[in-house]
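Okay, so chain A shows up in both of these, paired with chain B first and chain C after.
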Partner chain A sequence: MISEYLDFIVQRMDDILLFSTQHLQLSFMAISIAIAIGVPLGITMMMFPRVSSLILGIANAVQAMPSLALMGFLVPILGIGTTPSIMMVTVYALLPIIKNTYTGLTGIDKAIIEAGTGMGMTKFQLMTMVRIPLALPVIMAGIRIAAVMAVGYTTLVALIGAGGLGQLIYRGISMVNSKMIMAGAVPAMILALLIDRIFSFLERLVTPKGIK
Partner chain B sequence: MIKFENITKKYGDTEVIKGVNLEIKSGEFVALIGPSGCGKTTCLKMINRLIEPTSGKIYIDGQDISTLDAIDLRRNIGYVIQQIGLFPHMTVRQNIELVPFLKKWPKEKRLKRVEELLRLVGMAPEQFMNRYPSELSGGQRQRVGVARALAADPDIILMDEPFSAIDPIARTQLQDELYELQEKLKKTIVFVTHDIDEALKLADRICIMKEGTVVQFDTPEVILKNPASEFVENLIGKKRIWKKPELVSVKDIMITNPVKALPSRTLAQAVEIMTESGVDSVLVVDKENRLLGIVTAENIRQNKDKAKKLEEIYTRNLFTVKPDDSVLDVLRLMSQKKIGYVPVVDENNVLKGLVTRSTLVNLLGESLEK
Partner chain C sequence: MNKKLAIFLSVLLVATLVTGCSLRGRKAEGTIVIGSKNFTEQVIVANIVADLIEVHTDLKAELKTNLGGTSVCFEALKRGGTNNGIDAYVEYTGTGLVNLLDMEPTTNPDEAYEIVSKEFKDRWNLVWLKPMGFNNTYTLAVKESFAEENGIKTFSDLAKISDQLVLGGSMEFLERPDGYQGLKKVYGFNFKDTKSMDPGLMYTAIDKGEVQVISAFATDGLLVRYNLKILEDDKRFFPPYHAAVLIRQDTLDKYPELEDVLNKLANKISNEEMQKLNYKVDGEGKDPSEVSKEFLKEKGLI
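This part shows the complex of A and B:
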């Protein structure tokens, strides 16, 4: 059984590598976009507390929507292929980033903020010199969750023609070929774990020395 | 100089500061004290505009601070807060040089200042400069907090219960250090505390607040001696006088109408005077009430001739004290010279009163009864 599976893997090595690369590219693209949107959004929420619950509500609602259904909605609008796939994954990766950015920035000890303000730091200086450095580990944790989620969702969007390891899985499902399913699923798992490792390393790296 | 003029602060319908007028002199150490919710911290934070008053004006050196740029104002006022508020992700050095950094001092000057300040608060720069706050003890952190407030050499320093989160031993030491520092630097310090002992120990003047108003604003001596109300009395504690006996002066406790006699009186008359007043000695004064000496019942008993005049037998060269001397001086004198009474005279030797052992015992008794 295992040797059969290994044989299959070796046979399909080219495919697996290709799909893995594709998978990673898609996930990274989505994660980068999610960071680019999510972190500034989280900062905005902190600066304008009134809109924070609105943004958080929307993000929560999107997150709660079944991913298959969301995909169904998006296909008529965006069509199929790489772009809508990346968008889908991005949408799901946003929430943990927004949430963690927001909580990270707002969860800083009030005394520290007051000390900074009282010493004459501007709002901007407070943000760049105090809030962001102190919130960075929390933000990074959000990104890590988002990245692992993105790797998982990228498997799903193979349904709308994104490529990636999901293709192997779907092919395996339609052909009732468990070896094929495994050939997609196991690398996807490995990728997810790897990403988790890498990001938790980054998380430690950005944690300011004084608060480790 | 800091001046509060009719300051009020309302949060919704609740008036937390109800028309405060204050004048804090340059170089003065003022403690704001009162129960929580009395508005002391609110008043403090109005000085660096962390809180804006609802009405009224605050002047620093004659300038209405609401017309100044808040950021600039804050950079020129030192600020130390309760939980110290050191930035955990910055080293001791970065923390201390923060305001100079914001003020764009050159790097060399900042470094020199950091070293100077660390030495000032008794920490070796080379040992502590590159440590993080988490690597310091509570007391050390507080010292860094004070150093940070002094960094840009502000004239005014605001301290919001800086020592409240520190263990009692370290606190006492920090208080002593702050006192010495202030003796050296002569900054204008506004210090919020809820600890009356701390206020008495450090402040030149104490501002006692209650429910948004100033109840009494005066020197520790005056507050201890003449508390403006029962509230103040309770705050300072009734036995306070014995915690600070050096603040009690002779004129507060002396007997103002001691038994006295002119030197021309005969011994028989003197005995009569003593019996009448139930005392065993009489002070001898001249017509201008200047103290000449004392005659005790024992002296008289030794003289058979009761027709003698007092001037022939009275004891001269008495130990005396002045009305403004402290009770401590009297106690010291009494125990050193083994005497039971000390006359009180002014600089012209005019008799003002008398302190006896029993006066002191009575006073002590009274203060314990309360």
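This part shows the complex of A and C:
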């Protein structure tokens, strides 16, 4: 059984490598875009508490929407292929980043902020020199969750022609070929674990010495 | 700390740019995008269409297979290959008539083809090329041994004992007016339970005995692999589902040679042949692109 599976992997190595690369590229693009949108949004929420519940509400609602439904809804608007797929994965990766950025920035000990203010720091200085550095580990943890989720969601976008490892999984299901399903699922798992490791390393890297 | 953060951000930025550029891959002029739904037969015929195009024209064919069902394919087709969509895929007349046009099913294959040809042209500027020959109608299948033991040959036979059986069907089948919803009324089926599942998983379910009857396509290769028997639709409920290439008119305008090339497939694939092709993939584990090339060579088309 296991040797059969290994044979299959060797036979399909080209496909598996190609789909893994696509998978990684798609998830990576989505994560980057989600960071570029999510972190500034989280900061905005902290600075303007009145909009925070609105933004969080929208992000929560989008997250709660079943991914297949979102896909069916996006295809007539955006079409199929790479771009709509990246957008879909981005949407799902946003929430943990927004939430953690907001929580990280607001959860800082009041005494530290007061000390900063006492030293005559401007709001901008407080943000860049106190709040963000102290919140970074929490923000990074959010990014890490988002990254692992993104790798998972990327398997779904094979259904809208973006390729990736989902391609092998869905093909395997329609052919009732469990080897092919595994050939897609196992590399997807490995990618998720790998990304988790990389981001956990980055998390430690950006944690300020003072709070390690 | 700030230095580290700067390193992290710049690494992220560079990586994003690199992957972004590599994904961008501009679509070359003269590329036809062929889509397919997410079952084996569709992937095979999409490969056949793509191979024919590449061999007989100077155009390139790009495959987008395993798209999530009729609606994804159709919406993508309406957008077109240059607009994050596709230019052509293989559709079935019955599906076009009942699902996409939302019209009453008919049992006459020619009439079905005429209606879809006219309506698709008028409503969406889409063209149905000549039917390929096979009729991939919905049907119900049971295990051969089960059919023998209970003496079941037709849907009417099955209806008599349906209250003791569980039906497994694809979600699409269970919901479609030309699927289980209509079938129930015509034959008076009264299954103990119906379970909806992915088409591929139905076969494992009937093999394990979790369901006794499944919805199937007449040309399914898995029917052979799992020793299943197709029952006769004795009241002729299911409309015909003849397969044909559905293509955008503007693609044909741009590349007029496509019509003749793709019409080479007219009446070239019978039900038995399609089932054999499906079996090569589902039963023997061959690659759809390999099966497509074999078939085209056999028919002298490449």
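Couple of notes before you dig in:
One rule holds in what follows: the second predicted complex is superposed on the first by the 212 of 212 C-alpha atoms of A that agree within 3 Å, B and C clash if a C-alpha of one lies under 4 Å from a C-alpha of the other, contacts with A are read in each partner's own complex, and residues count from 1 in each chain.
The rule is simple: contacts are C-beta pairs under 8 Å (C-beta built on N, C-alpha and C of every residue); 3 or more make two chains touch, one makes a residue touch a chain.
No experiment lies behind these values; they were computed from the predicted model shown.
With both structures placed on the common chain, the touch criterion links A:Met29 to chain C but leaves chain B unconnected. With both structures placed on the common chain, the touch criterion links A:Gly161 to chain C but leaves chain B unconnected. Contacts of A:Asn177 after superposition: chain C is touched, whereas chain B is not reached.
In the superposition on chain A, contact is made by A:Lys209 with both chain B and chain C. When chain A is checked against chain B and against chain C, the one touching more of its residues turns out to be C. In the superposed model, A:Gly42 makes contact with neither chain B nor chain C.
When the shared chain is aligned, no partner comes close enough to touch A:Pro137: not chain B, not chain C.
Look at A:Leu78: by the touch rule set out above, it reaches chain C but stays clear of chain B.
In the superposition on chain A, chain A positions 133, 208-209 are in contact with chain B in one complex as well as with chain C in the other.
Chain C contributes residues 1-2, 4-5, 8, 12, 15-16, 19-20, 22-23, 35, 38-40, 43, 64-68, 71-72, 75-76, 78-79, 83-86, 198-201, 203-204, 222, 225, 281-282, 285 to its touches with chain A in the complex.
On chain B, the positions that touch chain A within their shared complex are 45, 48, 50, 71-76, 79, 81-91, 98-99, 102, 132-134, 148, 158. For chain A in complex with chain B, the touching residues are 109, 111-112, 114-122, 125, 130, 133-134, 208-211.
Contact residues of chain A toward chain C in the complex are 25-26, 28-29, 32-33, 35, 68, 71-72, 75-76, 78-84, 86, 133, 136, 158-161, 167, 170-177, 202, 205-206, 208-209.
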